[in-house]
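In what follows, a single structure is set out as structure tokens and then discussed.
Chain lettering (A, B, C, D and E) follows the sequence in which the chains are written, and residue indices restart at 1 in each chain.
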Amino acid sequence: MAVDFEPKILAFCCNWCTYTGADLAGQSRMKYPENVRVVRVPCSGRVNPQFILRAFRRGADGVLVCGCHPGDCHYATGNYFTRRRFMLMRELLEFNGVDPGRFHARWISGSEAAKFRDTVSEVTRTVKALGPNERFQEASGEES
Amino acid sequence: MSKVGVFVCHCGTNIASALDVFKVAEAARALPGVAHAAEYKYMCSEPGQQLILDAINEHGLKRVVIASCSPRMHETTFRKMLKKSKINEYLLEIANIREQDAWVHADFEKATEKAIDLVRMAVAKALKDEPLKAQTIPITKRALVIGGGIAGIQAALDIADAGHEAVLLEREPSIGGHMAMLDKTFPTLDCSACISTPKMVDVGAHPNITLLTSAEVDAVKGYIGNFTVTIRKKANYVNHDICTGCGACEQKCPVKTDSAFNRGLSKRTAIYKLFPQAVPSKPVIDAESCLKLKNGKCGVCEKVCPLGCIDYGDEDRLVEMDFGAIIVATGYRPAKWQRMYDEYGAGRYADVIDGLQFERLVNASGPTEGHIARPSDGKAPKTVAIIKCVGSRDPKKGHAYCSRACCMAAAKHAHQLIDKLPGSRVFVFYIDVRTPGKGYEEFYDQTRKDGAVYVRGRVSRIYKEGDTLVCQGEDTLLGKQVRVHADLVILETAMEPSPGSGALLGLLGCAKDADGWVTEAHPKLRPVETQVGGVFLAGACQGPKDIPDTVAQASASAAKAIGLLNKDEMETSPMIAKIEEDKCSGCGACGPICPYKAIALEKIPARDPGTGKKIERLVARVNAGLCQGCGACTVACRTGAIDLLGFRNNQILEEVDALWL
Amino acid sequence: MTNGQKQQLIRDRAAALLADGAVSCIVGWRQTRFAGKTAVCFVRAPEDATLLVWNEYTIPLTAKYLADERWTGGKAGILARGCDSKAINRLLRDNQLEREKLYIVGLPCEGKADERCRPCRQKTPLVYDELLWEEDSAADGGGTSAADADAPGRGRFFRADEVSALGIDARYDYWEDVYARCIRCYACRNACPVCSCRECYVDMHRAGFQSKRQNAADNRVFGVTRAFHVGDRCIECGECERVCPMGLPILGQTQKVIQTAEALAGAPYEAGLNAEDENFLGKFDLDDKDAFM
Amino acid sequence: MTDHETLARLMADADVRQYDCYQCGKCSGGCPMADAMDLKPRGVMRCAQIGSLGRILNSNTIWLCTGCGACADRCPHDVNVPALIEEARYEAARRGLGRHDSEVLNKAFVANIKAFGRNHEMLLAGLYNVLALKPIQDMASVPHMLKKNLIGIKPNRIGATREIAELIERAEKWDDPMVATGRSQTPEVKK
Amino acid sequence: MKRYAYFPGCASESTAKSATLANEFVFGRIGIDLVEIEDWNCCGATSAHTLSSALGLALPARPLARAEADWPELDVVTGCASCYARLKLANHRVRADKSERYMVEKIIGKPYEAKREVLNFLDILSDPAARANIGAALLRRFKNLKAACYYGCLNVRPAEITGAENRENPMAMDEIAALTGAEPVEWGFKTECCGAAHQNDAALEARPLAGRILDNARACGADVILTACPMCQLNLEMRQGEYIRKREEKRTGKARFPLLDMVLPPDPEQAIPVLSITELLAVAMGAGGRRLALDAHFVPVGRLIAGALGGRESEAIL
């Protein structure tokens, strides 16, 4: 594994909590690793587990899904479904040989800028240690 | 290939000092589909916006990507800007290179690299953007207020005074609610009826208010601005159109049954007015106790009625009405302490009463004409114990919450006892005394000084000894057990959601908390709105409340409703769920996910693929007025037949792909 | 009762139902040209009832074939065992069948000659209009006995347990081997009684979620997606695996979903027990397990 | 083990969380023994909250509680005070803080069972009155009881007294922290 | 005929003699067969669990295990609230907690699965069939007999063990007593602890408990207190003389030598008789004097029964 390996990590953030929290981290000039790229979605309930499969298929080294804390969803109950879907997906990915360190989910509220920073740092550290993701894409590396 | 224009903002030096904006613009120019890329000091400024508008014209751009601050900051600014151009305002994507890049990274090169990635993702998504049109929905300029207590009365009056039509719905035969039952109101001790009856009369006389008593909500359809409500007008067997409220029928009716208004402390007839100042001031027949309706014998009221108002054949009628806004003001009920507290006698002792019963006992128009006489033998009590937190702050037997009004009610009752029964002793058992309100602490203080003995401790049990009721508890300040031999015990009981409010909330699609109170859209910032657009709340249906808070909330709720009714039509966000009916197999997996009940299955005409015959098949349909655009339903659909406009599956997938292409 | 006697009962009853006009067809099994293989067939005339067979090889599920019959007038008769009845419940729940257009002839099963039938706990149908015979509790044609359920590799989730027992890399290799051989024929999907979309996402003109290319990686995406799509509705019949022309052990994916659903909800979970229950992913519990804090 | 840890252990063994209690006094208010207790049930919970284990162990409360359960039954927060009191009693005994009269009675009682398998009331009361130096307690009732044959001189012995004796020994060993491993108790040094 | 495994309890052979005789009479009349558990031992009462939690479970578990082995199909019944509490607790804990079961089985050296229920007399008397049989077996009817039904704390608490729905105002005994014509009074001490457990080791502190019960029963107009436990009964009865004396001493300020209680029976004007519910039933079912031991009561019951039945009827009994 290359020492200077810089993973690319995809983060799905809900507009009302985590995206706001990430913005707040910026406004507070907190620093965190550059490796994360945020996709903004209205609600973590919008995130289809198939997006995660797609990211891994394309070569994502890690994926992070973030939403409001249970009970605080802007849409009342969206994140309760998120929780079931991704608790299940996490198990299923591990069952399929994906290291659990590559998939993370966190509840981060609009005020938890520091938690966003810490989460990104922690996920980056974990993924770095795991090295580049070759699973879900080897054998047929070329694209369709 | 669609022509995308990319505009990179320096944000002064905010972005430009942290990453190479020129390199970002250059990289953007090379992306497939991008026809033009530029950078500028302040894209959000007047000249910045003009620069974008000019580029759209000059280069014939079809979509716009702006790399700048967070979309939460300026997305609406740029949408407004696009309204001035030929491009639909939804053909816009923003790459957040300030809050989520320039401000959080120290490494210039890496930050630049990330900005290019973010722009690439935004361009990929923008290429899949579709023109969307905000829908406008018309607004029915009429409000429904459910519940005719002081909250509903206040809300209906405010709406009506603002010039809108209001329908006030009350399931009892008269409006007035609990406030009409009270004797005095704390802390000013003004007579409750004196301040509430004028408002009730106003309601009855207001040209903009339609009063529907003995009525309930049967069904609710529609969404904000466009509700259709089926109202059940319960049979009351008296034609109120001609009745003058002369009262002849009430005088002659032979039936005597417990008066619910007097909390079982007196009897009323089967044809009755809820209370003397009832609005409307006309009687109704209670079918459960009327002899004529029960077994066909009697008919006295019909005989004595001079105008022939009595109609034993009356039936429930269903009326459908349209509304633009709905206010829920269903109030509370006192907890059924008899079912909770065996240790307080579970209702076996006539002289253990609740606070509302005491209100009737002390009220001049109550069963004792205001003489405090204990129910068992009519004697004036010499020693009275008042017990607070009965059913409140008791997660095991009642509710975990504090009912807020009881501390002051207890102080008021203690005051009234000392005032009306000189020489009597009053003991108030409490756990904490909570008096946060204008003039509240002063009132409590005065009650104490007047001689009410406050004993800190929850009463452990009440038992009978001879003629007296022994309240046994601990004086926790002394650390000694105490036994108060009381002639009368008043329990300040918890407030609970009004019975039937749960079912009503279900019809409206409103959420309720574990205790059954209506959940606000946001506990702090949207306290009088529910999660359902166009449905507002007022008073104790949201949680225990006293009168000042209730009235304040009712006016706030009315203001919200008036704001809505003042518009002729309203725009809804076009970023909502959309169903491709051809793909939809009608499995209904999406429906239960929706927190707004915006998805329903409907039958559409189709053809049987096998025989070619015309058939009907089920598909899901999204109600645009209800959908809030969360997209949780989309994940439940395996086919992808349901998608979220503005965040379509293929748009998000393109964003993902763009990161690695 | 012997299988032969049962078969005669089935034929007689089918003929009578068709002769009465009570049903327009009977969905059951017929013998194929190959010994030990039966196929689902539609019998539409009383005299054809003699085609119907019942033996230890009448394995395929009958229910899904009915989905195509739902538009035709009249009632469709269906021979249903426990597994078929769970499939019917699932299809009813997903609005792909109408109960009043079905006539369900219940056949308590004695277990068939297939290892996937071994953990079956539902021999008698859950829903039926008539039952042709009572379940013979003494018969032990398959079924997990109490001792069996605990035995490694023989319990309800035998296939998933097999994979879970491996280390993470070995698990990856296991599936790599499976998906390298997959030919993406979609037989698993076609046979699955809970795959009921009008158009499957993999067949769509614009592929969207899924590349149509056939390689281990994309096949794997298909495999996991399929598990996610049908896992919480899976009635554990094993049909997907039985029909796989490459003989791939793919049942583990859905078994894993059910196993996880049980662990997350902290309660037993089984799809198809009735036609009303919400899927695991179609509901939530405020107290669901949460590792995302 | 510090008092703090010991208290935490007692709370855990009793399955009681001291901060559940909000000191309303409903427990003490209904306790039939409250008048005689130097620390009433609410006080026990208060001491647990402020970490004053010593006051609990030295109180007469833990020896006077009759275990009638009225306090726990009525507690709005479902705090099982008697369970905590029982654990405190064991701890007090371990530390040699037992109340003399209670120990005399209880030991006499168990000795009685050990000998006969059943309780011999007259022997027990007699033994207690002698050992506790309360010779005339309840003596007024004795003539009536003897006259009416309510108590007998001869103990009512069961067949399996040996079995009972062994049972008692095993049980006492089980509670002995030195013998029982894997249980939460650890030996306490007597003060 | 309904059968139960029967745990008599130590008092049954001594101080509770009169209740025991009545129990046998009543259950015989209403077709309930109590089979005594072979070689049962003391449940340990308050003392065993005060000393050792293991012993507190093991002592009651032994006879229960014995009953389970001998009559696996029978529920266990006992007539003493203290025994009931200990047996029921052991049964409950063994059922609820595997490690407790392991411990108990190791200590008693027998298997014990707690498959059956532990019941008290009130449970089996309130069974609808039993109640019908009581009605049929009654031969006499009491008049003007106001009864305070005293259930005792341990027959109802703790609720999670006993399953009693109403711990403040149970009605089972009131309803049974009413069958005999007795009039149950509304009073406040049905389940207040009488302090029987501490009558030896903390006499000074525990005796006021019984006193308060007696006072309230009298204040509420009761002529008799009915009990469902020999411990409660003895406690309420045996020390009434002492209690009344002390109350009088307090009132008059004149002290009397305690041992005089031995020769001076309690003042009949102030004392209140205490009967077990089964004694009341037995009398109503026509039990003659020889079948019961009504004369063994510390507070004489003759006047009470004579008053409630009328002279000739009562002569046969007393």
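Rule of thumb we're sticking to: a residue touches a chain if its C-beta (ideal position, glycine included) is under 8 Å from a C-beta of that chain, and two chains touch if they have at least 3 such contacts.
If you're wondering where the values come from, they're calculated on a predicted model, not measured in any experiment.
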TODO: Kindly list the shared contact partners of chain B and chain E, in label order.
DONE: D
Task: Innermost chain, taking as reference the mean of every protein Cα atom displayed - done: B
Task: Reference chain E; chain at largest CA-centroid distance - done: A
Task: Chain pair bearing the highest count of C-beta contacts - done: D-E
- [ ] Would you kindly tell me how far, in whole Å, the mean C-alpha position of chain D lies from that of chain B?
- [x] 54
- [ ] Starting from the mean Cα coordinates of chain A and chain D, work out the distance between those two points in Å.
- [x] 57
Open item on the list: As a quick test, compute the distance in whole Å between the mean CA positions of chain C and chain E.
Closed with: 62
TODO: Would you mind pulling out the distance in Å between where the CA atoms of chain D average out and where those of chain E do?
DONE: 22
Task: Shared interface positions of chain E, touching two or more other chains - done: 167
Open item on the list: Can you list every residue of chain D that touches 2 or more other chains, as numbers and ranges?
Closed with: 35, 70
Open item on the list: Where in chain A do residues touch at least two different other chains?
Closed with: 48-49, 54, 77, 81, 85
Task: Chain pairs that touch, as defined at the top of this document - done: A-B, A-C, B-C, B-D, B-E, D-E
- [ ] Please give the residue numbers of chain B that touch chain A in the complex, ascending.
- [x] 70-73, 96, 98-100, 102-107, 110-111, 113-114, 117-118, 121, 511, 531, 575, 593, 595, 628-632, 634-635, 644, 647, 649, 652-653, 655-657, 659-661
Open item on the list: Residue numbers of chain C touching chain B in their complex, please.
Closed with: 68, 71-72, 94-96, 196-201, 204, 206, 208-209, 229, 278-279, 281-283
Task: In the complex, chain A residues that touch chain B - done: 6, 8, 10, 15, 19-20, 22-27, 29-32, 34, 37-43, 45-49, 51, 54-55, 58-60, 74-78, 81-82, 85, 117, 143
Open item on the list: Looking at the complex, which residues from chain D come into contact with chain B?
Closed with: 22-31, 34-35, 40, 42-43, 70, 74-78
Open item on the list: For the complex, give me every residue of chain B touching chain D.
Closed with: 343, 389, 393-398, 431, 456-461, 472-476, 479, 481-482
